[in-house]
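In this document, chain identifiers A, B and C correspond to the written order of the chains, with residue numbering beginning at 1 in each.
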Amino acid sequence: MVITNPILQLKDVSISYTPGKNAVESVSADIAEKQITAIMGPSGCGKSTLLRAINRMHELYPDIKTTGEILLNGKNILKTNPMEVRRMAGMVFQRPNPFPTMSIYDNVIAGYKLNGISLPKREKDELVEQSLKNVGLWDEVKDSLFKKGTFLSGGQQQRLCIARALSLKPQVLLMDEPTSALDPIATNRIEELLLDLKKEFTIMIVTHNMSQAARISDYSMFMYLGNLIEYDETQKMFTNPSDKRTEEYLTGQFG
Amino acid sequence: MRDIIFKRLLSICCILILLISAGMIYSLVSGSLSAFGHYGFFQFIGSTEWNPHPDRETYGALSFIVGTLLTSFLALIFCIPFSLPVALFTGEFFRGKKIASFISSIIDLLAGIPSIVYGLWGFYTFRPLIIEMGVNAQGFGILTSSIILAIMIIPYASSLSGEFISMVPNELKEAAYSLGATRYEVIRSVTFPAAGSGVFASYILALGRALGETMAVTMLIGNTNNLPTSLADTGNTMASIIANQFGEADGLKLSSLIAIGLLLFLITAIINLVAKLVIKKLN
Amino acid sequence: MSSLKYRTIKDKTFFYVTCFLASLTVVPLFAIIWELIKKGYKQINWNFFTESAPSTLDAMLARNTGDIIPGGIANGITGTLLMVVLAAIIAIPIGILVGIHLSEHPKTKFSYITRFLTDLIQGSPSIVIGIIAYAWIVKPIGSYSALAGSVALSIMMLPLIVRSTEETLKMLPGSLKEAGLALGASYTSVILKVLLPAAFGGLFTGILLAISRVMGETAPLMLTALGSTTINWDIVKPTSAVPLLIWEFYNDPNLIDMIWSSSLFLLILILSLNIIAKQIAKKWRIQ
């Protein structure tokens, strides 16, 4: 499978928590623009570790070493200022984590506030409205924009977190099991939202829910014990996997 | 850039803690050198003589070390029959209930009462009782101060041990219940053995508190410089002799008082360290 | 083997005795408050807050005529205020920054040492801290002073604030920090604009408890601030404080009636700070 004009390229990416023991073992892959790429695999296979490397989250923990190259629009992000990288690669976490002291409004533009960028009021209003509309939350919260974000339901909170990431207009949106803490109805809404968002954004999503990957993704990666076992179009992988281990995983024989 | 400055700032503040502790030890040691030098370290600790007379100036710490240890250990013993029930009440019988949190917040407030107020209360309401009981004529002394100290350390002894008791896993207790044990038997044979070293550690911490208490003891112990030999005796603790005589002291006497301060610091530090080690081992 | 009946009785007895003894421990608090109110309320009036402590002579004259003792504890209230505020100004920023460092680097050797020393300072008897502040400030300046008193109080507050900051920050979910950083914010602004505001309730509680803890301290102030018969705002001069006044009243037979009102005032102040702090903590935790 060849991806033309990839927005993101992983080249020989290895990540280790303890020296000499790689949690992710030289993964190389090209990621297609404005598509959804799912990363699947059993717990501990390195899928979240890989995703977090793209946002350089690992630098919070001094023991974790990342080697290889990660190119975003051809620029190696491992050699770029991490704060710049993080603005270009938005991240949504497993559990919804709106900032508890900020209102819904402030949560959406938190990226600007925290980066010390001040926008004129009109621009802020537009940005908030647009981002909340993007995630389908505008109608639900437009009358309570100045209430704390923590009063929303879990699913609403997660959509708020997506809006927060989108407001910085990132080039890729990284999602680390964004629905694992949500109920089926909220999960469903997020999935619909992702299909909608891919018109504008490139999305990478880590999930251990195979049917979720099948429902929403265009491309799928299967990782096992730190290795990228198979990477293909989702349709192809689910109907005709080329590796034995992928087949075993997809048919529920392990993981 | 800003991040680097900020991180530097954090480290500098930690170094400040280091400097403060080092400075504390330095000041205590350098202040006590002349007393130790004059009498010899062990001589100073081992002597019960406290004579400020200008011609025969002699100072020794033993009476006060004994006074401190005696009052603190007595206080610890006196507080057990009350703090242990409180710990069981909040950590076992009524764990998580409103009444338990009510009792523990009242007990917490007990810890907030200033030492000097305890001293007054002991002086005006407890001392007469001691006199009436015929312990001694003035009502001052080791016994009076130990009882007030015991009340003062109840909150420290009970809140932490209550927490350790409440942390004993239910499965453990259920196993004993399923064999037909009564609650008392479960507490005696399962809860206490399981929470034992934690409870022990909380009592050591409470002891550390008692050792350093100053005002209440100063007001109740009688302030005499003899070696106490019975509960009815008056005396002085290390803290109370400092509180009483520091103001008018200079020269050798001042140095001797600082030396007593250093000894008190070391004793409490060791006691606290033991408690922390026990707790650390539990985790 | 003992009979079931005997065992049940033993069980019940144990329960009731435990409950009885536990409920006895609440008695001292109410006994102390009752005693202070009973003996102290008459002395509390407007003058009590606006005038300085009376001289022995004035008090003696009043006693002889059966009047209430004139004067108040204004010099103590202002002194306590001055020293506690100064101590807080010294201890709060350092304490919070150290707390941040400890929660950010929980497992480094440097943090272990810092934590150990913080515990060491916290365990030090207050009278020993008085000696330290005497050696650091009183001796070099050559005079007892409010500054020396504040330094003693700030050394006592510091470990309390460090530990409460560390504990509070540790309770925040780690995802909060990650969420901030994931937006490309700098480390500094994530800590100052996300973590600290989120931890505010906990920090505030810790600070209030630390203040209430040092407010009643007498022993270290005897060695540092000494006391003063008039209101003093000069930080390098001897200064009074409410607990110091109580100690003076206690030692002066003519003034002894004043101890009840001043103790009542001090106790109400400290207990209300305590209660407010706990209420904030409760509310914050629910959120």
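Basically, contacts are C-beta pairs under 8 Å (C-beta built on N, C-alpha and C of every residue); 3 or more make two chains touch, one makes a residue touch a chain.
All figures in this text were calculated on a predicted structure; none of them were measured in a lab.
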Larger contact count among A-C and B-C belongs to B-C
One chain's C-alpha mean falls closest to the whole-protein C-alpha mean, and that chain is C
Note: chain B sits from chain A at a C-alpha centroid distance in Å of 55
For the pair chain A and chain C, the C-alpha centroid-to-centroid distance in angstrom is 48
Expressed in whole Å, how far the mean CA point of chain B lies from that of chain C is 17
Residues in chain B with touches to at least two other chains are numbered none
Each of the following residues of chain C touches two or more other chains, namely 186
Listed in rising order, chain A residues that touch chain C in their complex are 55, 57, 60, 83-88, 90-91, 93-95, 97, 99-102, 110-111, 113-116, 150, 161, 164-165, 168
Listed in rising order, chain C residues that touch chain B in their complex are 7-8, 10-11, 14-15, 17-26, 28-29, 31-32, 35-36, 94, 97-98, 100-102, 104, 110-111, 113-114, 117-121, 123-132, 134-136, 155, 158, 162, 186-188, 191, 212-213, 215-219, 222-223, 226, 243, 246-247, 250, 259, 263, 266-267, 270-271, 274-275, 278
Seen from chain B, its contact residues with chain C in the complex are 2-3, 6-7, 9-11, 13-14, 16-18, 20-21, 23-24, 27-28, 31, 81-83, 85-86, 88-90, 93, 103, 105-110, 112-121, 123-125, 151, 154, 158, 182-185, 187, 208, 211-215, 218-219, 239, 242-243, 246-247, 257-258, 261, 264-265, 268-269, 272, 276
Seen from chain C, its contact residues with chain A in the complex are 173, 175-186, 189-190, 193-194, 197-198, 200, 287
